[in-house]
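The next part holds the structures, each set out as structure tokens.
Look at the two complexes coming up: chain A is in both, with chain B in one and chain C in the other.
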Partner chain A sequence: MDTRIDFYPTHQHQGYKLRPGRPVLFGATLVPGGVNFAICSRYATSCTLVLFEKGAPEPMVEIPFPDSFRIGNTWCMVVFDLDYERTEYGYRMDGPWDPAAGHRFDASKILLDPYAKAIGGRDVWGKPPDWNDPYPHRARLIFEDFDWEDDRPLEKPLEDLVVYELHTRSFTRHPSAGVKHPGTYAGIIAKIPYLNELGVNCVELMPIFEFDEFENSRPNPVTGETMYNYWGYSTVGFFAPKTGYAATGPFGMQVDEFKNLVKELHRNGIEVILDVVFNHTAEGNEQGPTLSFRGIDNQTYYMLTPEGYYFNFSGCGNTLNCNNPVVRMMVLDCLRYWAAEYHIDGFRFDLAAILGRDPWGAPLPNPPLLESLAFDPVLAKCKLIAEAWDAGGLYQVGSFPAYGRWAEWNGKYRDDIRRFLKGDEGMVPVIAERIQGSPDLYGWNKRGPTASINFITCHDGFTLYDQFAYNHKHNEANGEQNRDGGDDNHSWNCGVEGETDDTEVNALRKRMIKNALAILLMSHGVPMILMGDEVGRTQRGNNNTYCHDNDLNWFDWTLLERNADLFHFARQMIALRKTHPLLRTREHFGTSATQADIIWHGTQAWNADWSPGSRTLACMFRERQAGQAGNTSPVLYMALNGYWDALPFELPELPVNYRWHLFANTALPAPHDIYEPGHETPLEPYQHSFLVGGRAVVILIGRP
Partner chain B sequence: MAIEVEVSTRDRVTVVTVAGEIDGGSAPGLQARILPLLQQDSSLILDLRSVTYMSSAGLRVLLLLYRQAMSRNGRVALAGVAETIKDTMAVTGFLKFFAVADTVDQALTTLQQA
Partner chain C sequence: MAFSANLEMVDSEARITLEGELDAAVADQFRQTVEHAAQEKPQKLVLFMDKLQFMASAGLRVLVFAKQRMGRDVAIYVIGATGPVLNTMQMSGFHQAVYLQESYP
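Here is the complex of A and B:
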């Protein structure tokens, strides 16, 4: 291999051997004998590669790119004989300082490569940084030789997914987690048996791209505890996994550890979706630090006002200029890299409506970035999920440009189911849409139920337990006098605000949680469960815990014992969903493509009460041919009583030889609240009506 | 950091005893020394009792050895891996490629049983 001419240096700088690099391999790439460094900037006038010995305060060398190494707007160079493990690199860019024209070059800053694949500087979570470090987030070199054996993305059909949204650190940081490496990627591996027992087959990881937990960190005015950028919705580097989440971060092995996590999840039948934040960066507005993009090519990377200030459609200070072709290419390169190199199964895009705005902020009818992602061959089998709104007021649930590919977090599902559960009037016709996969949103455009990611809770807002324990948010611990966080929670505290010893209230709360889980897992579309909701995790009424590295966020595993009935209920509901293809159709009911059908009932069979005052609804899923000509497929029936008193629901007639079996009745305490699928308890043949308790859900299975 | 490498034979199996820290500096030399041994013998034991640190580059030498041995239908057994190194290997997925034993004797038994 040393017989190729291009393995030999042609230039030298202070003893470092160099050769012109290749411009299209952006970032740092290991090549035989050396490292290919490539970076682009439209407006920079010169570029210098800055190399550090790992962790050293001062550079070991600065190598200006020779003029002949620049091609177009790219600088590229191979440096030979570097110790891959001991080298950190950054860039200095010279160019105009002219904010009104959008330029903020500053050659005194050492800049992080936007394509950095590993980033040092925050190697151990929460370890206070050296605030005087001239280069706080340091690009490192990595081997891209992970041994995947025969692993690849699982490519499960979207309709079969049960998504579990989790935060890497929160999942196993609590002492009760009992894992060897709390709060890390390795910790998640240790809990795979739990995920399998619950039955979820996809984890959606809250941001794992390198971020700075110390961004805007401050002491809690009440407790004195440090408040962090804990959730991590503020990206420092889009190509690098968060080092502080890796047990092996101090050894620089976060890339291998994260890949091993993906491999192990896949081996256990669990897909991995990443929550990606391409709407803004950690650099904030003009007051923020210059870490990377601002100093490399401010006018390219950010949406700027005519005066050169930062548009703030993200609510976080700046807005990534996603439909600039260079930025679009970076986003595409990034996702391709995660799909190909990390075997990621899908992506959930934070504030995705921003990705459809032009460089001046106007929504585009045919956004090139969204189209590129939808048609990309590497991403072709990846799930693409949009949070279809942004902080600038663009709300696109039901109308996000989909190209036959994009699914959406269905915010309307969340709000409508919450309101029905809470007892609001006028919700029956609306939740009928939600339960059948929101054809009002995704039917007319033929997107189908899988365009709808159904959720009642997610990291933003109350947990499911708090949804029924608090009427109002209690965010005092966030240090903003309870002003932050949403007020549109549609929650109901079941009679007492917060914790109580009242057994009736506590029993009702559990029932409400079970009601929510039952509806979620019976609905068409793709269900998503928030980490811990299956065991009644609480945030003590805080609906915006983005800054807390404590038990407001940490999964308390003692809940698994204390709320064993909730866990059991969630588990059986997931099992039911997996048992019955009727719950996972790819098309909406009533379309010619599907053999499945939905029939609406009320307290009277065949006669749903759609009136504004109604709080009852029942639905029946079945194959059209069920009970005929040898078709013995089951019939599923769900009665929802949102009224506070028990009501008799007349049961619809079943095909001859079929009999109703009780699967779930949330009005009953455990263990009579739910049965294992296939082991439901039969009703008497003469039972033609079922008394559904106040604020309760009943699920029946009709089968021979 | 210099490392010491000693090659011996036990029951016709090559045993490579390494002492020191295996990092980006020492890994290439170690690799150059061990890879040729697989030319003659498809299986070998690495005695790592006196290895105090192993970086990512060190783990990659081990994996390269494993892949080479596999291509000759051989195996690689590791003996006496320090607990911290073993832990790093487990968390990053390297460990499961190897037969692991506390001592060279046990490693020998493992290889002979296979």
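Here is the complex of A and C:
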């Protein structure tokens, strides 16, 4: 290859050999003998490539792009003989400073390439940065030579997934994690056996694109501890993994370490979904820093008011202009890159409703970006999951433009199941919809249950333990006088606010957690569990822990021993789901597309109580031919008693030769609360009703 | 300490002994040694690392190159890697693509 004439220099600048580059290879790409740099800007008048020796405060050279190296709005250049390992690069863009017209060019700034594939400058998590660094987030060059062997995305059917939402640092940062590299990608690898034991087959990683934990960092007014941009929902670079999450970050090997994590998870049958934040960037509003997009092409990348200020549909200062064709191309390039180069299995889009707004903020009926992603051939097997609302009030749960591809975080599932568990009246008809995959939301356009990502808790809000330990949020540690975070938690503290020694209250809390896990894992749709809920992780009533690098967020692994019964319960519930295809359907039951039905009961068999005052419901999943003509498929039955007293539930008749077996009864203490699938305990043949304890869930399996 | 990479062919085995600090400045030297080894079409590549004190990412890149240049049928043995060298390989996952041994007969 290096004998090709098109890889010989034609120009030079201060001893650096150059030739015109390839305009369609955005970013920095290794080519024979050199590096192809390409960047676009519609309104810039000139562009300069700025090269640094790794970590040096001053550039080693600045190379203005010759006029002949500009094609359209793209500057492209090959620079030869660079030391790939020790070179960092940025750009200066000159152009008009005219905020009212949307232009904020400032040639004094060194700008990060939007396509940077590795970013230095924050190599070690939490290490205070040099605030005088003229170029704090530095693009680096990477090799794409990772040895994937035969790995590829797993392409598991969506209905088979059990998703586990985790934060990379929180998962293993606690001293009790006992891993060699706490709080890193490598740390997650060390805990893969735990994920396997629990039984989840997909991890959804909270943001791992490069972000700045020091964005808006400040001392805690109470403790003095530094509060960070801890969760990372504020992207600096969309193509680069967070360096501070890599044990190898100081060596510049974060790309390899993250790829190794994906490979190891795949090797263990676990898919990887990335939580991606395309609704805004880390540059904030007009008061924020100029890191990249603002200085490259402000009017293209951001939604601007007619006066040139930033629309704020994200609640974070600015809004990425995703339906501008250039930005759309960047988003598509980005996701293709992660799918192809990192073998990512799917993406969850933060505040995805924004992606359907036009450049002036109006919702589009047929958003080009969402359509492009849905039909893209590289992304064709990737899961696409929308958080179908935004901070500007656009709420699209059930109506997100899906193109037959998009699933949604089902916020209504979360709220309705919480309210039923809490004991609210009028919830029985609603939770019947949720349990059967929300056909009221996803049936009308034939999206099916897999459009619904079912969750009761996620990173936003209470943990599952706190859901039953607090009536109100306790966010004082966030330093905002408890004003931040949502107030619509639909939680119930079981009688005492916060921690207590009361054994009855603590037993009830555990029962409520088990009730929630049972409903979640018996529901049609795709269940998602928040990291640590399976062992009763608490955030001490804080429902918005976005800024805490401490045990409010860290997974305390001693809980695994202290709440072994919860872990065992969660594990068996997941195992049950995996055992029974009846729980993992692509079609809503009761339609002609399926051979199975879901049948509703109450305390009386075949007679559910749908009245407003009802707090009881039972459901039965079965194949229509169960018990007939040699079909021995099992029948699943779940009784939900939301009353505070025990109630007898009349059991529906089973086919001849079938017998009810008790799988789970959350009213009983461990180890009698749940059994291993296939080893359930049989009921007596003459038992035709089951006394379900107050605020308890019972699951029975009918089989020969 | 100066870096050196010495190749020795023993029957169908390519044995490379690494000494010193393998950083970006000398990675190409190691790469050329691997190239020479590959031209001999060995059945096995044995890398002696007990005297290697440090390996930067550039060194790891050469290991990745070696793995892919030699092909799947050529087993790669890494002998005597310890401390930061072993750590680098483990964090990047390369240790799973090779046979790690303390000594070699």
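Just so we're on the same page, the second predicted complex is superposed on the first by the 704 of 704 C-alpha atoms of A that agree within 3 Å, B and C clash if a C-alpha of one lies under 4 Å from a C-alpha of the other, contacts with A are read in each partner's own complex, and residues count from 1 in each chain.
Basically, a residue touches a chain if its C-beta (ideal position, glycine included) is under 8 Å from a C-beta of that chain, and two chains touch if they have at least 3 such contacts.
Note that the structure is predicted; figures quoted are calculated from it, not measured.
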After aligning the two structures on chain A, examine chain B and chain C and state clash or fit. clash
Return first, second, both or neither, reflecting whether A:Lys263 touches chain B, chain C, both chains, or no partner chain. both
Identify the partner contact of A:Asp645: answer first if only chain B is touched, second if only chain C is, both if each is, neither if none is. neither
Return first, second, both or neither, reflecting whether A:Asp501 touches chain B, chain C, both chains, or no partner chain. neither
Classify the contacts of A:Glu684 with the two partner chains as first (chain B alone), second (chain C alone), both, or neither. neither
Do any residues of chain A touch both chain B and chain C, and if so, which are they? 83, 85-86, 143, 145-147, 181, 186, 189, 247-248, 251-253, 256-257, 259-260, 263-264
For the chain A and chain C complex, residues of the former touching the latter: 83, 85-86, 143, 145-147, 149, 181, 186, 189, 246-248, 251-253, 256-257, 259-260, 263-264
Under the touch definition given earlier, write down the residues of chain B that touch chain A in their complex. 23-25, 55-57, 59-60, 63, 67, 87-88, 91-94, 97
Contact footprint of chain B on chain A as seen in their complex: 83-86, 143, 145-147, 180-181, 185-186, 189, 247-248, 251-253, 256-257, 259-260, 263-264
Touching residues (chain side chain C, partner chain A) in the complex: 24, 27, 56-58, 60-61, 64-65, 67-68, 88, 90-94, 97
